[in-house]
Structure formats: structure tokens, C-alpha cells
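Please go over the structures that come below.
Each of the next two complexes has chain A plus one other chain: chain B in the first, chain C in the second.
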Partner chain A sequence: MIYIIQTIVIYSLTYSIAVLGLSFVVGYAQIFVLSQAAIFGVGSFTYAVLAGRNITTDLLLVIPIAMVIGGAMSLVTGLPLLRLGGDYYIVASLAFQYVIVQGIVNWTSLSGGPPGLFAFPSPTILGWKITSNMDFIYVLVPILVLALGSLLWVRRMPYGRALVAMADDEVALAAGGVKADALRVSVFVLAGILAAVAGVLFTSFLDVASPGDYGITESILMITMVLVGGARSLIGPFIGAVILASLPYWLNLVNWSVYMTGVITGVLLLLVAFFLPDGVAGLANSGLRRLSRSRSKENFALDVQNGKVTSDDRR
Partner chain B sequence: MTGGEKDVHDSKDESPQLSPLKKESHLVARGLFKSFGSLEVVSGFHHELEAGVVTGLVGPNGAGKTTIFNLLSGALKPDAGSVWLANREVTGKSLYVVSRLGLGRSFQDVRVFPTLDCVDNCALYAQTVKETSLVRTMIFPRATRRRSLLARQTAREAVAFVGLEKVASSPAGSLSYADQKLLAIARLLAIGANTLLLDEPASGLDRRGVDTLVGVISRLRDEGRTILLIEHNLDVVRELCQKILFLDRGKILAEGTAEDVFARSELAELYFGA
Partner chain C sequence: MRYLQILVNGLVTGSIYGLAALGFNLIYGTTKIFHVAYGSVIMIALYFVTSISLSGTSVYWAVAVGLACSLALGGLVYVVLYAPLEKLGRNRTIIFIAALGLATLIEAVIPWVYGPQPLTFNLPSLNTVVFIGKIAISPLDMAAIVAALVLSLTLWAVIKWSTFGRQLRAITSNVELGSAMGIRRGVIVGSVFAVGTAIGFIGLTMQSMSSSVTPVVDVTYTLIAAMIVLGGGAGSLVGSYLIALAWGILQNGVTLWVSADWANVIVYLAFLALILIRPLGLMTSTSRRML
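For the complex of A and B:
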């Protein structure tokens, strides 16, 4: 039992890292990207190749290498964003998803072909062997905290201000001297870097890197995590990842088929689209907003009484 | 990035306060043409905007006023002709480049950022390209933070200038239309623009709103900023503009003081359709 809980925690944390950056892409750049799992796979194979060939298993080395490769690939796949409008980019990202995964599959000498690679030496950090589940949790938590902290930081800074403005009104953003293109690509690269980090952790834990794990279904799952949690809040993707990454285990617990995961994911996505446009995290926010809105209405009524507001002030 | 653009940032960094007036900052349009399909909207707009003066751009609907704004600010590229800002050619440069060079423009439909509060709306315009870079934000956290505070300081001053202190931390989307119009002007002050293009700043406002707005613009005029104003409210035009350009079918038909221009019966006829 404790083993299952630990596994659920590890999956949830790994997927949280994978989709944190994606929440910026969906929430601020307002693009649906269907190639996140492919970049996740790139990170995964980075560990598989480096560890499998006994080059290095030190995560302090593997993670930065994966960040560079994942970031570079996101940059390449992100540049068409500047040409293609949001809706068209969904199709383009779908193409990238296939190109990257098929590229991995067909580079047999590196990736081992369709079955992929497995059985690597355990990951290490400065000589410390990470073997038990608890060890992995000790590694994952600080990485997640660091990623969350960095994103919270950049969101509070002028960069984050520009992101919100980009989602609000791109023309007004340009009139303020900021070009949306660079912002959009940077968000995209950020998402790719984090996905690659998560990929490394995923494979170093599972001891497997198989191209089948990075397909379009996984990309849709990742987008669903972001949407279920709430794209514009940073706690949102975390909530979404916890709910969806642990889903197969809950199903197992009630003796349902694992294949129900897809059905439930789809239903969740529909429910969220209809009823919770801001995700689970948005629920709490909208509660607060409703409270403050009723208060501002009272103020408005007061202003009308005191003659401060005329009917023309109302929009 | 060209060296020229860098100079602009640097000069903006040194004087983030309000009214960093540069004497040479002026706007020149040379023979601008723009057609949409077979319709020629601007045909030979030629004007040197007088520095430190409020110039009104008036004319009937469809005269090409907003298109001229779009051409001057870089939102549209002219088919022919050139635009010069502070003796630098900016023809064909994008909106975001021209804004950084010190030309601020407002929009007919206001376009404030509804989810950002008033100070952040202005801070966004006050911040430079440096702070907006993700890489710099990650590598130089302290410097970024300092610059961010600086931008917010400039923003607060701009918000205070137009008298929106009370709602400074409310999301701009929750503001009344009149306040949003003031905020749109405050943003242009935050960017440090000496040349302002204001597109119908008084439209849709009640009397009190118009009075407040005229007050703000006349204070800007007294500071010596160069303003080009599109406005249909002739009371506002008479009160603010030292000079008027009467536009019809993309051409300047007449130029002069409000009295001179509106004394000409043929123009009044065009304008009022009498």
C-alpha cells in the first residue's frame, strides 16, 4: 500500500513539473500545444542514452543537458508560432509531435527502435545513488519547488506583467513597445525545458524509455491536466497533474480497467470546458471575485446615491 | 537589435520620471498614401507636426483620420511616402518599435488591459525591453526587481497625473469608461512619449468626463508635449487645439485655427452635411 502511495506521489510530482510551463503556454500565450509529450520523451531518452551508455547517471549533469536539448527543440518547434495563428498552430504542433516521436523511433541505433531502451544504472547525485521511492521523492520535491518558485518569480516581474497583457490585448501591448512574438516563443521554450526535466526524472525512476509513452494521447493528457487544474494559476497544473496522473491507480483500486483512463480524461475535459473555464483553481478565485464584485456593486450604488456617478458612467 | 534602438532605451532608463521632454522630438509625415483595395483612404497626407502644440485632426467620418494614426504609429505601412520621428525615418517600422522611440498612441476603443490593475497597466508601458526579457529576469533577478519597482514608480506618477489614485489597484476592466480613457492617456505618459496621438479621447464621455479629460490634456499641452488629436466634439477641439487640420478623403483641405477653419462655409457644410 505504502508503495502504491509513493508511486502515485512520484507520478504526480513528475507530471506537475512536465505541465507547469505548459500552463503558461495555454494560459498566457493562449495556444494549445499538442507536442508537449514529445519533448517530455526527448528528456526521457536523454537520460536513457546517457545512463545506458555509461556516460553519466548524475542528474546534476543529465538534467542541464536535457534542458538544453528540450529547450532547443521547443525553440525550433515554437518558431512557426510567429507565422501561424493560434488555431493553425494546434495542427502544426500535432505534426511536430509525430515528427519528434517517429524520429526517436527510427533512430534505432540511439533509441533502440519501437521497444525503446530499458534497464539503466540507477541515477545519482554527486555519487549518492537514488534507489528507493523515498529517495526519488526527496529529489522531486526540491525540483518542483524550484520550478514553481521560478515561475512565481517571473510572473511577478515585468515579464509576467507582459504575459498577462499579451493575453489581454496584443495590439495595446505593441503600443507599449513590447513585441508579443518574443514573449510567446520564450514561454514555449520554458514549457519545453520543464517537460524535458520531467522526462529525465520519469525515465530515471521507471527504468524505461519507450516511444509509446510519449504519444499524442500523453500530449492530450498533459493539456487536460493544465485545463482541469486551471491554466492561469500555478497551483492549477499541480492539482490537475495530481488528479490525472493518479487516475489509473484509483481505477485499479475499484477494479476498473486502466483503459477507462482515456474515457474519464475525455469526460473531465468536457466538464471543465463547460463548467470550469478557469479550472479547479479558478473555483476558489471566482468565489473570491464574486464576493468582491458584490462589494463593488454596493459601492457603486452608494456613489449613485451620493450623486458621484451619473448613468453615463455605466458601460 | 540596432544600435539606434539601444540609445532610446538608455535615454529612457535615465529619466523614467514624467515629462522627459526632448526638444527635437517631432513628427513629420511626407506624402503618405494608403489604399485598401481600390479605395484610397489616405492620399498625400503631408504635414509637419508643430512641436509643443495641440493639433486637431477633424473631418467627416471616413476621412481617413484613424488610418493616418495607424500610418504614423506603425500599425499600418504606407503604400508611399515616409514618416519621420525626431529626425529618424520610421516608415514601415512596427508599432512596438515606434512606441519605443517615443511616439505614444491611444486607441478609439481604449484597449486597456482589463485584468491588470491601473498601476500595472502603466508599468507595462514604463518598462523597457530589458526587463521584459525572460532570460534577463532569470539571470539578473535583483536588477530586474529594481527596474520593476522603478517602472511601478513611474506608473504611479502617471496614474496620479490623470487623477486615478483612488482606483490605482483595481483591475482596469472594472473601471468606468471615463476612467479607462484617462488610464489610456496615463499609459502614454508612462512610456515617456513626448508626441501623443490621441484617437477620440472624449468620445462616449458625459460632460463631467469631458471636462476632466480636457483638463488633463491641457496640462499636457502646458508641459510642452506635442499632441495630435482626433476629435468629433467641436467644443473640445476649440478648447484644446491651437491648430486644426481639416481632412477629407485622405487630404488636408484646410489648416489653421479653429475659428478660421470653421468660418469657411464649405468645410462646415462638408462636416455637418448641411
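For the complex of A and C:
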């Protein structure tokens, strides 16, 4: 029982790291990306190759390498954002998603082809072997806290304020002298770096890197985590990851069909579209707001005047 | 001779993709709804056809039933999913999320009901290769080329000359003015979804008859249709037809000279290059009209 709970916690933490940056991309940069799983896979294969060939298993070394590779890949896939937006970028990101994963599969000498790679030496940190589930949680929690903390810090920086402003009014931002395009690409790269880190952790825990785990379905699953939780809050993707990341694992435990994951993901997306455009966190927020004070029309008008209400609320 | 054979094979593949793009283009060009569940909805009809065809019914009857089924499903998706969302005032991203949800749902339910293994139509007579000169081509291949050409021309003529086409162009260019003239947008858009889905169904059925039906085929089908439509210029029937043919020829060429593993990778990269050079597609008119 304790083992099951630990595993579920590990899945949730890993995927939280993977989608934290994505929430910035969807929420603030307002780009819909369906290639996150491919970058996650790049991180995953970075560990698989480095550990599998006995180059290094030290996470303090593997993670920075994965960050560089994942960041570079995101930069390449993110640069088209300078020219494309909306539906055009969604389709482009799907094309990138396919190209990256198929590229990994086709590079058989490195990736082992369609079945992928498995059975690596366990990860280490400065000689400490990470073997038990509890060890993994000890590693994951600080990394998640670090990622969360740095994102919070980023949001308070001028850079982060520009991000929030970009979501509300891009024209005003441009008038303020900030280049929205550069901002957009940099957020995108940030999200990719975090996904790559999560990929390393995923594979070092599961001991397997299989291209089938990084497909379009997984990209959709990741974006669902963000949307269900609520894209504009940092706690949102965490909620989404807790709900969705371990889904295949516990469905397997209770012997339900593997297709249940897809059914639940699909239904959740439909529910979000119809009833919860701001996700669970958005629901909680508006609930709090309603508790703290009555929202009379005068209050609302005042909020609009003071800029507290975003264009989203008005919509 | 080999080049000519590749060209013909490419035309066949391209024609099927052309049909995929034609249906998607009709929907996307008219409504600007990114109907990402396009292939998935078609696949429901396709699996229906396959199962009744495998139970011994004549394949032509099965296809006729499937065509009716896809018309109904296409219209139903608009009535049940998109129209209510538009009424709720949801923005385009949210509507896309709903479509993504529907696609994910269908993709999970179909292999659950029919099993994950591929199903094959047993149609030896349609797939027997005949030689025209030295070019090998099957009756099904010829049908695909003719169907793509005829349906494209018919749709073009309908949009250009019929009353329905005029109304469709009216609501595409200006919804408010169109409604003021008494055009019922819901009816027009509903039938656009129905017809678009049926055209896509014809393409996917032809593709499946020469190979097999698998539960994942719809993702690629939608993706290819979307890429061709955006690459050709949204709403441009000529643009997407040209891109579709080029796509088929390139794919067949790469499969032969490089390898099948790299075929889609290279074609997708070509699409990315095209869309970066011309962000609004190959053929774009300044006034974003249908045609």
C-alpha cells in the first residue's frame, strides 16, 4: 500500500515539474503547444544514453546536460513563434512533436529504435545511490520546490511582470518598449528546460525510455494537466498533475481498461471547455473572491478601472 | 519509367490527402473552427462500415451507409458541440480544447469497442494492379484520383454558383451582415460540417481499402489535412489541392530513395519550411474569402 502511494506521489511530482513551465506558456504567453512530451522524451533519452553507456549516472551532471539539450531543442521549435501564431503554431508544434520523436526512433544506434532503451544503473548524486522510492521523493521534492520558487521569483521580476502584461494587453506592452516575441520564445524555452529535467527524473525512476511514452497523446495529457488545474496559477498545474499523472498507474491497479485514460482525459477537456475555462484553480479563486466580498456592479466597475480585472474576466 | 511510376503513386496518395484537406478546408475556411476531431469523427463511420462489410454485406452498400453516417455525425458534432460553445461565448482556444477532448475520447473508445488490431477490407478485385503502358495502377487508385478531381471541381462550382454557395460566402466574409440578410448561419454551418466530414470519409475509406483500418490512423489524417490546408492557404481550394499532390509525390519519392521511416519526417519538415517562408500559406488572397 505504502509502495503504491509512493509511486503515485513520484508520478505526480515528476509530471508537475514537466508541466509547470507549460502553464506559463499557455497562461501568459497564450501559446497552445502540443510538443511538450517530445522535449520530455529528449530529457528522458539523455539519461538513458548517458547512464546506459556508463558515461555518468550523477544527476548533478545529467540534469544540466539535459537542460542544455532540451533548451536547445525548445529554442529550435520555439523560434517559429516569431512568425507563426494561433492555429498555425498548433499545427507546427504537432509537426515538431512527430519529427522529434520519429527522429529519436530512427536514430537506432543511439535510441534502440521503436522499443527504446531499458535497464540502466541507478542514478546517483555525488556517489549517493538513489534506489528506494523514498530516495526518489527526497530528490524530487527539492527539485520541484526549486522550480516552483524560481518561477515565482521570475513572475515578480520585471520580466515576469512583462509576461503578465503580455497576457492582458500586448499592444500596451509594445508601447512600453518590451518585445513580446522575444518574451514568448524565452518562456517557451524555459518550459522546455523544465520538461527535459522531468524527463531525466522519469527515466531514472522507471528504468525505461520508450518512444511510445512521448507521443502526441502524452502531449495532450500534459496540456490537459495544465488546463484542468488552471493555466494562470502556479498551483494549477500541480493540481492537474496530481489528478492525471498517475492515472494509467492506478487504472492498471484496479484492472480497468488502458483506454480509460483517454476517456477520462477527453471528458475532462470537454468539461473544462464547457464549465471551467479557468480550471480548478480558477474556480477556487472566484470562490474565494466571492467569500471575501460581495461583487456588486460598482465593485466590478472599480476593478476594471484599477486594472484588477483582466480581459479574460470580462469575456 | 521509375520516375513516372513514383509520380503516379504520388498522385494517388496526394489525391487521398487532397480529399482529406478538401473536407477540412470547407469546415476551417468557412467557420475558422479548428476541427481537430475531424479524423476521429470520420473514423467512427469508417469502423461502422468495416464491421458491416466484414459481416458479409456488399462493400458498396456498406460505403453508402457509411457516407450517410458521416453526414449525420458531421452535422451532429456541430449541433451538439460547437454550436453550444459558440452560444456560451467561448473563445477559439476553448473551442479547440473541446475539439481536442472529443478527439481524445473517440480515440480511446474505438479501440475499446473494436480492439486495437488492424481490420482489413477484403477487396482483391479493387486492389488488383492493371498496367497502362508500363505504369502499374489499381482500380481503387484510379477511383481516388478521379474522386479528388471531381469532388474538388464540384465543390468549387457549388460555392461559386449555387445559392447555397453564395450564402456560405456571405456568412464567411461577414456574419452580421449575412444574418441581417436572413441567412441562417446555423443551418449553413451545420451542413458545411456534414458535407466536410463526408468528403473526408471518402478519402479515409479509400486509403483504408488499399491498406487497413487501425485505431490511430485518424490522428495522422487530421494532422495531414490541417497541414495541407494551412500550407496551401486557409480557404483556398486550389492551394490545398496543389500542396496535397506535391505532398504525395514527395512522400513517395522519399520512401523509395531514402526510407519509409524518414518519409513523414522529411515531408513534415518541408511543411515547416513552407509555412515559415509563407506564414499564411501558398495561396492567400488579401480578402480572406472562400475559394
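Annotations
The definition used in the following text is that the second predicted complex is superposed on the first by the 284 of 315 C-alpha atoms of A that agree within 3 Å, B and C clash if a C-alpha of one lies under 4 Å from a C-alpha of the other, contacts with A are read in each partner's own complex, and residues count from 1 in each chain.
Note that in this section a contact is a pair of C-beta atoms (placed from the backbone, for glycine too) under 8 Å apart; a residue touches a chain by one contact, two chains touch by 3 or more.
No experiment lies behind these values; they were computed from the predicted model shown.
In the superposition on chain A, A:N106 makes contact with chain C only, not with chain B.
Of the two partner chains placed by superposition, only chain B is touched by A:D168; chain C is not. In the overlay built on the shared chain, the residue A:S150 is in contact with chain B alone; chain C does not reach it. When both complexes are overlaid on chain A, the residue A:P142 reaches neither chain B nor chain C. In the superposition on chain A, contact is made by A:G177 with chain B only, not with chain C. Overlap of the chain B and chain C contact sets on chain A: residues 315.
The touching residues of chain C, counted against chain A in their complex, run 34, 84-85, 88-98, 100-109, 111-112, 219, 223, 226-227, 230, 261-262, 264-265, 268-269, 271-272, 275-276, 279. For chain A in complex with chain C, the touching residues are 30, 32, 80, 83-84, 86-88, 90-92, 94-96, 98-99, 102-103, 105-106, 216-217, 220, 223, 227, 257, 259-263, 265-270, 272-274, 277, 315.
Residues 73, 75, 94-97, 99-100, 104-105, 107, 111-116, 120, 123-125, 127-129, 131-135, 137-138, 141, 144-145, 147-148, 151, 174, 176-178, 187, 191, 205-206, 208-209 of chain B are the ones touching chain A in the complex. Partner chain B is touched in their complex by these residues of chain A: 150, 153-154, 157-159, 161-162, 164-165, 167-169, 171-179, 182-183, 186-187, 190, 296, 309-310, 312-315.
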